[in-house]
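The structures considered in this document are given below.
Here chain A shows up in two complexes: once beside chain B, once beside chain C.
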Partner chain A sequence: MREKNRGLALFTFLIFLFLLGPLLIISVTSFEPGTVLKFPPQGFSLRWYENIFEVEMFMETFKTSMIVSLAGNLLALALGIPAAYALSRFQFKGKSLLNGVFISPVLIPGIVMGFAMLKYVIITYQLPIYAGLLVGHTVLMLPFIIRVIASSLSNFDFAIEEASLSLGAGRLETFFKVVLPNIRSGIIAAVLIAFLESFNNVDISVFMTGPGVSTLPIQMLTYVENYFDPTIAAISVLLMIITAIFMFIIERLMGLSYFTKR
Partner chain B sequence: MALLTLENVSVAYENQNILDNFSLNIEKGQLISLLGPSGCGKTTTLRLIAGFLEAKAGRFLFDGKDYTRVPVNKRNFGFVFQSYALFPHLSVFDNVAFGLRLRKVNQAEIDQRVRHILDVVSLNGFEKRFPKELSGGQRQRVAIARALVIQPDLLLFDEPLSNLDANLRVNMRVEIRRIQQELGITTVYVSHDQEECFSISDQVAIMNKGIIEQLDDPATIFKYPRTEFVARFIGFNNFIDFGERTEQDGEIHLTAGSHTFRAAKNPGTANHSGKKGAIRPDDLVVSAEEPADSVRNVLKGKVKVSTFLGRSYQYVVETDLGDFTVNQEMDSPYKAGQPVYLMFPKEKLVLVD
Partner chain C sequence: MKKLGLYLLLLPGLLFLTLFMVIPIAMTVLSTFFQEGSFTLEGYLHFLADPYFLKILWTTLQVSVVTTIACILLGFPAAYYISKLGPRKKGVLLALAIFPLLTSSVVRSFSWMIILGKKGLLNSSLLSLGLIEKPLEILYTPSAMMIGLIHLFLPLIIITLVGVMENIDPDLLKAAESLGASKFTAFRQVIVPLSVPGLIIGSILVFVGSLTAYTTPALLGGKQRVISTFLYQNAITLNDWHMASVIATIMIAITFIVIGLMNKLATKLNPKG
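Presenting the complex of A and B:
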């Protein structure tokens, strides 16, 4: 038994090393004082963290990313909450088809989605770059919003809605006074996970960005093509920290198992 | 005039009629139960009255007004759910105050009315608790308080006790009856539990496949079921199909095979034309000795199975009119194969359709 356990422990360690090792190396090299990315680093310095804030393109694209992710999030919520509600609450023809359609952006490769949107939406309707980005990210976030909110509605006893109606509340009033407060943590989790998906997205954004307008991950990609200094490692560390904080909040709100079960 | 009238209503679900041309009258101040097996339409009837369902035909009259198209939130009926359906995000106080706030009652009056109704359901001191901090029985009381505090014109219960354990069920049903009588509120109560309905109701409607088989006070139903379905439902499980039926000297004479039976006329209720005899296992008498000639309604048979029920023995007796089940208290039981005589007291032999 002991032998077996030790083997399993080693295996687990190797898996974690494989998963987390690159992140660890990036984190360590971000403190490199020299001008070239090196491992192990030759000393300790925060100069490349300072550099992030001095490169104007990073600040500019960070702002774009924030605006697109937040605004897209609101749009996706406006579309996603009613959709999730309808899918959980009612039985109707074509429900499983609709379920599939709403999940499809997760299943279809981002590159395909991005290209399709560029060709059939952005070009067809001559959307300006900002608007295109927003549409793309809304579509990108929608399945996450719907899935997470639908799963928090799956534990919801709809008799509560009827109780509210029988006490004299209208349908809309019932939704805001009774349904919404009870799926609040699901909505917050949905917002956070969708935000991460959108903020870190490359494959759809790459088709939507254009001259003068870009998102942070796309800017980072462009940067590494031209420079090899540790700035990119520093930014990566900051993004990892943001992601970790978000995941922590989500875990506290409803448990990560929400995203592994279908 | 009846307070509530369902007039020839029909309700269909996925093209299947659950209620078809259904009618029901309820008098003011009464507690009426709808009782029946699952799928009999009792919950549908209740939800139709509440306004959660819409009838595709027929009318619903309440207090002389046509309520057929009045939406649920304008009906002012209190509804108590099987799952209690308390608002998980609100405290006991806020749960109960929910309906009052919607009615724009001022804060002082809300305080006073909520406290009073929590008093009625014996829950004062629990105002700040949340539903998840309460036991099943307490949740049910909150649900009842929440439905009562709006001073509803009608109170509706949908299997309110089925999630509680047996002891609590008995206590709560007494409680429900007490509150209902104290406030004199007209109540419709749905359950599949016979004892529950019989113990608290003024009237019981036994339902089957979307129709009311019998609507009477509990004692009448218990003694004089009208139909075979009702009889079976309340524990008559011996039946005899009779051939000819004649009335003589205030008795009903019936033939079955070579036997003649006599049944008493049911007092009170309309003595209908039923030709099927029904009798409870407890009301049959079994004996190993041949009864005197003067005793009527005797069938000779043979014990087929003998089982011990604790207080009494149960026998299945084989006769030329089929098998009969009989319960009898005795010290030494009959053995399987033993010849016995079954006696059917004429007052206990009920004729059903």
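Presenting the complex of A and C:
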């Protein structure tokens, strides 16, 4: 029996080596001083990290990505919090259908969504590309915002809300002073999860590029097609650091069970 | 009055989704059945008659099936091991599995370009060990795509399965063993059937995910097209929007058929009925 457990432990170790090894390799190669990615690196240098800040396209697309992810996040919150509240608080006809509609953006293949948005949001509705990006990313983030906040609301005792109402506070006042503060950590977690989804998105953004407008992941894809120097490895390391920090905060706020529940 | 409030809460989100998702998707699907104002199936007939398109579809399905099976075979034992650990160790391993999942797919696919390239880590190691004489051509083949996709989706199936296995009552295993079942039989007769719902959800996520993934095939597949990169090529490079819409509709159809079939299977196989 011990024997079998040890076998299983070794197997699991190898699985994690497979999952994390490549990320470790990319991190190590980012310190390569030469112009070609090598493993192991031929020395230690931070020149490719400096290069990120010297290549204007990386800085510009990083800015676009930040603006789109942050503004889209706010928009998704404005649309998603009321919806999540209605879906958790009230029983009504057609509720599960509406639930489905709000979650549906995750069911449609991303690349299909990107193309359909290019076709209608950019061409038919004639929105500027920047606005198209914003709208696309808001649609993308909405299901994550709604799902996380709804699960946070499911732990909220609505009797507290009733108490506030019966003591004479208005519905809106109660919502802002009683309900929102109680689901604060859920909202922050929702924002972080949605931000990562949006910031890393390729499928929608790849259709929404134009003169001077593109997001960081798309710029990285274009760069990789033309150059094989360690700049992308250096950016990857910075992105992984941000991801790790976000994940740590999410774990603190609501544990990791959100990810294991389906 | 109460109803009005409910509508006010739901309406903004619904309008937004209708305008920017439902209409674009519905119109894209509808547009494939009309050309110059009259009903036609020409786009689909064209697709089905062209061996090049069919080969792309076939490659995509093959890659997705292999990826899904590999994820199940690799993920199931690992998930079982993790689910048996104490809370501390379990938390650490779950975090290590979730981290790659949250990491950019560009980063993850790029890491495999470093490893699988002609002068990549794998080839240079194998060459210096004298195991091969010429560098292996892995990058820009379906194998590279599969490796990249397995790397992309394995964490998803692991954490889904851990979520399900955690809830299996350990007493069931003990009961099976005390009734004379061997460890392995108990595992096969208790853990496996009770994990079926998680296995099915996990498989749907992996299969549909591989079928529609764009970044990994775009970076690791080279000239080898799959259906998603083919959609992009038609839309952007070739500017053939009718064909791109046909491909988009086929992708939606396959996605919904797979989800529907798996759901049916799930209700059928669910031991709780």
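Note that in this section the second predicted complex is superposed on the first by the 260 of 262 C-alpha atoms of A that agree within 3 Å, B and C clash if a C-alpha of one lies under 4 Å from a C-alpha of the other, contacts with A are read in each partner's own complex, and residues count from 1 in each chain.
Throughout what follows, contacts are C-beta pairs under 8 Å (C-beta built on N, C-alpha and C of every residue); 3 or more make two chains touch, one makes a residue touch a chain.
From a predicted model like this one, the values you see are computed outputs, not experimental measurements.
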Practice task
Give one of first, second, both or neither to describe whether A:A244 is in contact with chain B, with chain C, with both, or with none.
Solution key: second
Problem - Touched partner set for A:S151, first chain B, second chain C, both or neither - result: neither
Exercise for the section: Tell me which partner A:P181 touches in the superposition: chain B (first), chain C (second), both or neither. Expected result: first
Problem - Which superposed partner A:V139 touches (first chain B, second chain C, both, neither) - result: second
Problem - Partner chain in contact with A:T231 - chain B first, chain C second, else both or neither - result: neither
Practice task
Please work out whether A:T61 is in contact with chain B alone, chain C alone, both, or neither, and reply first, second, both or neither.
Solution key: neither
Exercise for the section: Please indicate which partner A:S166 is in contact with in the superposed arrangement: first for chain B, second for chain C, both, or neither. Expected result: first
Handout entry: Dominant toucher of chain A (residue count), chain B or chain C
Key = C
Practice task
State whether A:S69 touches chain B only (first), chain C only (second), both chains, or neither.
Solution key: neither
Handout entry: Of chain A, residues touching chain C in the complex
Key = 1, 4, 8-9, 11-12, 15-16, 18-20, 22-23, 25-26, 29, 37, 39, 78-80, 82-83, 85-87, 90, 92, 98, 101-102, 104-105, 107-113, 115-121, 124, 135-136, 138-139, 142, 146, 171, 196, 199-200, 202-203, 206-207, 217, 220-221, 224, 232-233, 236, 239-240, 243-244, 246-247, 251, 256-257, 259-262
Problem - Complex interface listing, chain B residues touching chain A - result: 50-52, 72-79, 81-83, 85-89, 98-99, 102-103, 143, 146-147, 150
Exercise for the section: Enumerate the contact residues on chain A facing chain B in the complex. Expected result: 157, 159-160, 162-170, 173, 178, 181-182
Fill in the blank from the handout: Seen from chain C, its contact residues with chain A in the complex are 3, 5-6, 8-10, 12-14, 16-17, 20-25, 27-28, 74-75, 77-78, 80-82, 91, 93-108, 110-115, 121, 124, 151, 154-155, 158-160, 162-163, 166, 183, 198, 201-202, 205, 208, 211-212, 214-215, 218-219, 228, 231-232, 235-236, 241, 244-245, 248, 251-252, 255-256, 259
